[in-house]
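Each in structure tokens, the structures are laid out below.
In the two complexes below, subunit A is the common chain; its partner is subunit B in one and subunit C in the other.
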Partner chain A sequence: MASYFQNIRETLGTIFEGLAITASHFVRKPFTLQYPDRIDIPIQDTLPFRYRGLLDVDLEICTGCLACERACPIDCIVIDARKDTQTREMILERFDIDLAKCMFCGLCSEPCPTGSIHHTPEFEGADYSLESLVRRFVKAPVAAYKPTKGPETDPTIGPVLKRGLRYLDEFASPGAS
Partner chain B sequence: MTVAIDVALEREGVGGLETEEMTLNMGPQHPSTHGVLRFVVKADGEVMRRAIPDIGYLHRSIEKISEKVGYHGFMPYTDRVDYVSAMQCNQGWAMACEALAGITVPRRGEYCRVIACELGRIASHLISVGATGMDIGAMTPFTHCIREREKINDLLEELCGARLTFNYMRIGGCAWDLPPGFAARALDFINRFEPLIDELNELLSFNKIFVERMANVAVISAEKAIAYNLVGPNLRGSGVRYDVRRDVPYSVYSEFQFDVPIGTGEKGTLGDSWDRYMVRCREMKECCRIVRQAIEGLPAGPVIAKVPRTFKPPRGEVYVRVEGSRGDMGWYVVSDGSAFPYRTHIRTGSYTAMSIVEELSPGLMIADLVAVIASFDIVAPEVDR
Partner chain C sequence: MQQFADGLMEPGGPLAGISTPLGYVLVVALFAFLILNFIMLVAGVTSWVERRVWARIQSRIGPNRVGPQGVLQWLADGIKNIMKEDIVPEQADRFLFKAAPYLTMMGFFGAFACIPFADGVIAADLNVGVLYITAVTALVVVGILMAGWSSNNKWALLGGIRSAAQIISYEIPAGLAVITVVLFTGTLSMQGIVEAQGAAPWKWFLFANPFLFVAFFVFFTAALAEGNRTPFDLPEAESELVAGAFTEYSGLRSLLFFLVEWGNLYVIGAVATALFLGGWRVPAVTDNPVLLGVLQFLVFFGKSYFLVFIAMWVRGTLPRVRVDQLMSLCWKYLVPISFVNMLGAMVFFVLFPEGSPVVRFGMVAFGAALLVYFLSRVVFHIRRARPEFHLSPFA
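Showing the complex of A and B:
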């Protein structure tokens, strides 16, 4: 009989202990935020620089080296590039990324020499069909970017390359501190 | 009427009315089986005769995939082995490849790994502790746990760009160094989080109703736990002080001071569900200690060693152990000298925990099965791989 009342007392005691903790949250700062548009800036801007969202390619600085295609473990990147026999330039004919297959691992952006293929903070990729998730970056065949010795002088490519190299700098390189 | 009952009683003996064993399916889609997992429950009324786990619903042939994608390409797949604590899986694969090729990881790389792993372990234990409460019927502690886990996810997102499938480690080190200010923010989090463990204990662990549900349920003796090859917190809950980090030190764990909490049997019997649950609560504090020491002793230098892109380890085989959140995780890799592993095998803690469910179940209530599964902290994809 004594243990029966003891149990009731302990149960009530611990329930009130728990309720006291819950009640203390009335005076703490709320933690949750409603998702769309309840903060001043777009949610994408609040994400860290390394955030691995949907893939994007800056074709202006793509060298056509196929490093990303080789690195992708699920072959969601398809690149067709041929060498022009007269001008000896790489011509990109196709650069498709199947975002439906992509698992956002970041292995493709790591070996890119110019930071052309990179993850954006964009994550809202919902769509009605699988085909529309295949991003085709090459509309018409273009010549691949040829790295210049020294700083880039072309005013259109310069800023893009700067952003690409900044993206690459985030990756740890062997030997650097 | 009374005569008929008397006749029935006479026929059945002292037991009373005639009962029939029924077969129930718990799962595959059941909120408390923590994933797609099915239990065939043979029950007599509410008392189980047997509960047979039926696994394989989440089998994704991850081991076979490794033979097709190569050493570097398999790293993102290891995230999917145990998606609740992916960091330790990353480390297991990286360590196995490094052991095959004889690569030494830079010291800063090892420290980054330890920080990431221990933060991941806290996140995993928070899920486990919260989900245990939710399975038993306490909704609030789960939200408290998720709130803190969110902070860890934010930290890890800053570190490696993803919240769940980190893909942070590479063969030879880590892909990213700690971002500026990360150490301070991680310390801030640890300092704020540590008192919250006590609050959580008050809220849930020592709640009388919770204790009644968990204590003395599914007691596993130390001998039985070892015989059934339980690992990690499930083994430690039975009072066996075994932790890979301490007993077979890997990485830089031998440089840190930490205790290995074991079950005490203070609320019921040693090795009951409550002990297994409580080990996780206590382990979170030890994780905090390790993170603090790792941040304080963070050396300078590179985080990744030079590893060729076409990684071809010499012929041979390795077996490395990592202390995952669900215990001793084994990675067995056979190399035939080519760019693809010849065979990979992953040994996980949840899988071995499934083997003892059938042994434990006779005599338990059906509702207790939920407590048992929760106390084992089973993650269904880790069972099947």
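Showing the complex of A and C:
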């Protein structure tokens, strides 16, 4: 019999306290971010540098070493490169990434010597057809990047390379630097 | 309503010269049209308000895109549901399956005939008003059970059976709480019950004596269970029964069930307001009868909508009970409490047939103390969380 009244007392007490707790939430600020339109800055800008979004390739610093193609476990990267017999340069003829297949594992960006292939904070990849998800980075055959001895001097390539190496430092081999 | 109809049919009135039965039918149709539109609006807006209130309890924003602050969300939902296909399962009992939403709707719509919105503004002031409301809202269970059975789906049937067990069980404490009120008024008419109370809070039945105070909470809990509200929404417990009795419904038919759910919320608030919170009573501040009527309606609506808000708040606070907990709460706690409460009220009535000012004052003081203690607990929880404040109800 004592437990009967104890139950009634506990029921009333806990409901009372519970209502007080939820009432205190009425004055709190909601946490909701109203993606995509009612936010102060694009959500991509708030993501960390190491965010694994859609893949991108900086073709200026791609050496054509094919390390990423070999590393990809699901073969979503296809590269055609040949050696020019006259100038002895690597010529990139095709660099396709099928983002529909890509699983954002990041294994391709780890062996990249210059950080040319890397993830971006961009994640809005939705499209109406699978074909349009294949990103073709080589529009016309282009010579691959050849690392120079000493610091990079080309003013257009310099910043890109710096960014790629930072990417390698922070993402591909964390803790190495 | 009969006086109103007779007034219209008098010589010189707008319906003069029409045969009496036809005139009554016209007036009934007019009242039904007005009330139907009123409840559609209230149920629709309630669905939006509930989602916003619930969202703020969970530190979210809630629907805010359709119209300013999302107030037209219910219209968008309604249009979407109307345009959806009305699917009847192959193995279902077609006739019962199609009839069930209308029966549920009737049970809920019928209750509005006896809800006193203001002095004289009531569709039918039956002398058995409260009894009629208790009886006609029980028709909802027939519709839900019918929906559950005719769907030919095991979840739907389980939901229907749970609903039947739940609503019929909770009729008992609700009825006993109503009887406690009727004991003091001596009438079952809704207007009579409202007129037996006063405008000021200390003249409400809620604070008349401790037994009516308890009866209010018993009635409100039982009414929440009858209206299938969380924490008692077992008939459509989505985590275990998909959508319970409504699993197989789609389009407009499913919309009717949701309309009943949100509309019932207002019925709960309105009946509790009329029985315990003084109904539409306001002090005589103006001689203009129209202005006074509007004021009475606003006061009644405000009070009943406050109770609707409390029901939303409770929904945001408490988890769903289990079936055995639901039944033990009713039969082991609410039913004995309401019986003892009714006996106590009888003894009180014999001792003080006219009510006791001392007890009344004590109850008001107790209620005020409870409110102050509650607010102090709210402040305690706010202080402990040290939140970022956002006082506007909109975001």
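The rule is simple: the second predicted complex is superposed on the first by the 152 of 177 C-alpha atoms of A that agree within 3 Å, B and C clash if a C-alpha of one lies under 4 Å from a C-alpha of the other, contacts with A are read in each partner's own complex, and residues count from 1 in each chain.
Following the convention adopted for this analysis, a contact is a pair of C-beta atoms (placed from the backbone, for glycine too) under 8 Å apart; a residue touches a chain by one contact, two chains touch by 3 or more.
Keep in mind that what you see is a predicted model, and the values were worked out from it rather than measured.
Engineer: I'd like to know which partner A:Glu17 touches here: subunit B for first, subunit C for second, both or neither.
Structural biologist: Both partners, subunit B and subunit C.
Engineer: In the superposed arrangement, which partner chain does A:Pro48 touch: subunit B (first), subunit C (second), both, or neither?
Structural biologist: first
Engineer: State whether A:Pro73 touches subunit B only (first), subunit C only (second), both chains, or neither.
Structural biologist: first
Engineer: Applying the touch criterion given at the start, work out whether A:Met103 contacts subunit B, subunit C, both or neither, answering first, second, both or neither.
Structural biologist: first
Engineer: Going by the contact rule stated at the top, is it subunit B or subunit C that touches a larger number of residues on subunit A?
Structural biologist: Residues of subunit A touched, subunit B against subunit C: more for B.
Engineer: I'd like to know which partner A:Arg88 touches here: subunit B for first, subunit C for second, both or neither.
Structural biologist: Neither partner.
Engineer: Per the contact definition in the header, classify A:Lys139: touching subunit B only (first), subunit C only (second), both, or neither.
Structural biologist: Neither partner.
Engineer: Return first, second, both or neither, reflecting whether A:Phe31 touches subunit B, subunit C, both chains, or no partner chain.
Structural biologist: A:Phe31 contacts both subunit B and subunit C.
Engineer: For subunit A, give the residues common to its interface with subunit B and its interface with subunit C.
Structural biologist: 7, 11, 15, 17-18, 21-22, 31
Engineer: In their complex, what parts of subunit B are in touch with subunit A?
Structural biologist: By the definition above, subunit B touches subunit A via 69-70, 72-77, 140, 147, 150, 157-162, 165, 167, 172-177, 179, 199, 202-204, 206-209, 300-307, 309.
Engineer: If we count contacts the way the header does, which residues on subunit A are in touch with subunit B in the complex?
Structural biologist: Residue list for subunit A touching subunit B: 7, 10-11, 13-15, 17-18, 21-22, 31, 47-48, 50-52, 71-74, 103-107, 110-111, 119, 170-177.
Engineer: Would you tell me which residues of subunit A are touching subunit C in their complex?
Structural biologist: Residues 4, 7-8, 11, 15-32, 34 of subunit A touch subunit C in their complex.
Engineer: Which of the residues in subunit C come into contact with subunit A in the complex?
Structural biologist: 55-61, 313-314, 316-318, 332-333, 337, 374, 377-378, 380-382, 385, 387-391, 395
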